[in-house]
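I've put the structures underneath this note.
Each of the next two complexes has subunit A plus one more chain, namely subunit B in the first and subunit C in the second.
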Partner chain A sequence: MGIANLMALLACGLAMGFGALGTGWGLGFTAQGAIRGMARQPQINPLLFRNMLVGQAITETPAIFSLVVAFLLYFSADKHLEAPYSLAQTASFLGAGLCIGIGSIGSGIGSGLVAHHALTGMSRNPSAQNQIMLVMLIGQAWAQTGGIFALVIALLLLNGGGFAGLSGPNDLHLFSILPLSPGEIVGFSRYLGAGIAMGFGAIGSSIGIAYVGGMACRGLATAPEAGARIKTAFFVGSATAQSPSIFSLIIALILLIR
Partner chain B sequence: MNEETVKLLIGPLTQAFALLGAGICMGFGSVGPGAGEGFAAGKACEAISRRPEEYAQIFRTMLVGQAVTESTAIYSLVIALILAFH
Partner chain C sequence: MVKVKTGLAAGAFFLTEGGLAFASMDKPPALRLLGLTFNHSTIIHTAIVALAIYVFVRLLTRRLSREHPQRGQVFLEILVTFLSDLAKQTIGPNRGVRYLPFLGTLFIFVWGANMLSMIPLRINQIGGEFFNDYNSNGIYDPGEPFIDANGDGVHNPGFQIPLFEEPTADLSFPAALAIIFVLFLGHGSGIYFHGIAGYCKEYFSPGGIMGVCMFPLNVIGKLAELVSISFRIFGNIFGGAIIMTVVASLIYYFLLPVGMFGYFTVFVGTIQAFVFTMLAATYIAMEAGESTEAEAD
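Let's turn to the complex of A and B:
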């Protein structure tokens, strides 16, 4: 049992705590849209209920990603590590927990935002429900991408990140146990930096894409005849809003692999 | 710490802080542009539904606004790349 094992426990809590934050918000936001829609149009109650469940099921996924990574981190705490006092190993656990935890905030809130606006739109104009449903599913899936990027980086940090044995014979020992070799110092900030870059980088793009999807759903309810034009603006606008999270992914991969 | 220790650590420490800085720079730097571009495009979708005949003008304004918003993400990317390859 070394400091890396202890950090895995802390990272486990960070992953699930932050991961639940955004998703819970989004799930409640979806239900809010359904309830307001039912008050407006009580006769389409079953339709709104069914679509609320579909929307919530998709909104749930970032929390499930966080749960999986939290369990992997929890089991790492008991694992026999090659270098339990390695700073790089410690940072790879902390980075993985921060990455998936904070990366899930945007996807969770975002997916809920799309479903909220889609349910509001359906209650305003039930005849456009098929078009709205299609855009809702695409928008939710697209808002998920930030969380999926964060999952990829978190799993890379968990599996490949622990380059144990970076400490060498000429180590300087801090507090007599922490090996402080040059490789350890660089490894520490490399893994922590990758986690922070992808974790925070996923928030903005997911919320932005979700806002586009939500407003497209409401627009389809207002003017179903302008559907093609609204969808073009939705696709182009979302693709542009996606680019900052791709920049983050590139920087995270450079930090990890270089 | 004696002088020899400092000499041994200053190189790795410089690289370490540059890498951590690159991560923080790109992580926080992409929160604003991502959300901002989304707000621009979202309002564009709403505006097209209100006035479908003004589609061309709304779409052009959306693209120009997003391009300007994108610039801050590109500043972050440039600084992060400079730091990562420091």
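Let's turn to the complex of A and C:
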């Protein structure tokens, strides 16, 4: 057991803690939309209830991703690592935990927002239900793309090998960490930097796409005849809102591959 | 507790070191040939799903009749109507019907793959070596023994693993489907309908000098579509499998929580199969959709 194994446990907590934050929020948003709609139109309660369950099942995705990474980190604590005392290995675990944890916040809130607006729209105009349902699912899926990038980076960070050449100080005494080799510091910065870049980069894009998708659902309820134009604007708008998270993905990959 | 830990540790180890597969412990590591990794468990399970769907659909369509439709026929007709509505709504009223066979196959295949772990057969895995008994240099290094229920130190106390696992919990299955349906079918139709010049123009999307600057971003954006569609279903199904394994092991298979199983396998599996199909249809529509202003509605 080295410091890296212990840090994997800390990262496990970070991943699941932050990951649950946004998802819980988003699940609440979804239910809020459904209940408000039920109060407005009691006769379509079964429809709203069914769509609420579907929306919540998709909104839950970021929490499941966090759970996967948290479990992998938890079991990394028992693993025989190449360099258990290496600071770079430590940073790769911490980076993975931060990446998926913080990256899940936006995904959870975003996909919940889309479902909220879709359910509100359905209660306003139940005849446009099919169209709204499709846009809701696409909007939720795209709002989660940032979280999926975070999952990719977290898995790559967990997968990161090449620690064999690095050897940190061989005990846990704090002051003996100070004389570090340059390779250690470079590795530490790279892995933690990649995790932070992708984690924070995913938040904004996800919430931004959620605004586009949510308003597209509301628009379809108000003016179903303009459906084709609304969908085109929705596709272009969310593709543009996606680009910042793609910047983050590129930087994270450059940091990892370098 | 020990059983869960060891079982998942070996599974997790294979995920991080091998080809991102939630492999069972008793099976040999994936076959490596010509620099490629073949995960035979995924291949066999995929074949089982394909065969099962063939047999099932053959049974349901045995006595087709226009006057007195059987129950199976009605079920399949509902399914086909639903999928053709989906294709028409996303891709367009005229071109959508052409894509119905592809999208229908995709949905039924992915759904069947997600339902595979419903078969309640399990293997009793006792003793033997673990993959994580080998360190990263391939040297046998079992480390400290685990303490089992009798207080004995053992390296592999044994545990139960499902006989059938969803192939969707292996990244290569959704990634292959994404390459076939989004890259080949979607982008191929884009070239077919818009010509090679019209297809390439998309990559310089705002046009002018701005378009040249945006070219690398557009290319990566298209690649990100593949990543997002395949990792979405992989993460969900793999996560569901981990949750079910942990919960089932914690209560020692005394009472499999049927509600949780129904939620994570049946409900989430169905919804994720539908989302996968619909996203593939949307990506195809973005390449090959009818010009929406003129024809839609």
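Definition applied: the second predicted complex is superposed on the first by the 243 of 258 C-alpha atoms of A that agree within 3 Å, B and C clash if a C-alpha of one lies under 4 Å from a C-alpha of the other, contacts with A are read in each partner's own complex, and residues count from 1 in each chain.
By definition in this document, contacts are C-beta pairs under 8 Å (C-beta built on N, C-alpha and C of every residue); 3 or more make two chains touch, one makes a residue touch a chain.
This one's a predicted model, so the numbers in the text were calculated from it and none came from an experiment.
*Asks:* May I ask you to decide whether A:T232 touches subunit B, subunit C, both, or neither, giving the answer as first, second, both or neither?
*Replies:* It touches subunit B and subunit C both.
*Asks:* Of the two partner chains, subunit B (first) and subunit C (second), which one does A:D78 touch, if any: first, second, both, or neither?
*Replies:* It touches subunit C, and subunit B stays clear.
*Asks:* With both complexes overlaid on chain A, does A:G193 touch subunit B (first), subunit C (second), both or neither?
*Replies:* first
*Asks:* Classify the contacts of A:G219 with the two partner chains as first (subunit B alone), second (subunit C alone), both, or neither.
*Replies:* The answer is first: A:G219 touches subunit B but not subunit C.
*Asks:* Touch check for A:I209: first (subunit B), second (subunit C), both, or neither?
*Replies:* So A:I209 only meets subunit B here.
*Asks:* Looking at A:G201, would you say it contacts subunit B, subunit C, both, or neither? Reply first, second, both or neither.
*Replies:* Only subunit B; A:G201 stays clear of subunit C.
*Asks:* If you count the residues of subunit A that each partner touches, which comes out higher, subunit B or subunit C?
*Replies:* Greater contact footprint in residues on subunit A: B.
*Asks:* Between subunit B (first) and subunit C (second), which, if any, makes contact with A:A241: first, second, both or neither?
*Replies:* first
*Asks:* With both complexes overlaid on chain A, does A:I148 touch subunit B (first), subunit C (second), both or neither?
*Replies:* Second partner only, subunit C.
*Asks:* First (subunit B), second (subunit C), both or neither: which does A:T59 touch?
*Replies:* Touch status of A:T59: no partner.
*Asks:* So which positions on subunit A get touched by both subunit B and subunit C?
*Replies:* 225, 229, 232, 242-243, 250
*Asks:* Okay, in this complex, where on subunit B does subunit A touch?
*Replies:* These residues of subunit B touch subunit A: 5, 8-9, 11-13, 15-17, 19-24, 26-46, 48-50, 52, 55, 58-59, 62-63, 66, 70, 73-74, 76-77, 80-81, 84-85.
*Asks:* For the complex, which residues does subunit A have touching subunit B?
*Replies:* The touching residues are 170, 172, 180, 182-183, 185-186, 188-190, 192-201, 203-212, 214-216, 218-223, 225-226, 229-230, 232-234, 236-238, 240-245, 247-248, 250-252, 254-255, 258.
*Asks:* Within the complex, which stretch of subunit A touches subunit C?
*Replies:* Interface residues on subunit A, with respect to subunit C: 53-54, 57-58, 60-61, 64-65, 67-68, 71-72, 75-76, 78-80, 82, 130-131, 134, 137-138, 141, 144-145, 148-149, 151-152, 155, 158-159, 161, 164, 225, 227-229, 231-232, 235, 239, 242-243, 246, 249-250.
*Asks:* Quick one: in the complex, what on subunit C touches subunit A?
*Replies:* For this pair, the touching residues of subunit C are 5, 8-9, 12-13, 15-17, 20, 85-86, 89-90, 132, 135-136, 141, 143, 217, 220-221, 224, 227-228, 231-232, 235-236, 238-240, 242-243, 246, 267-268, 271, 274-275, 278-279, 282, 286, 292-293, 296-297.
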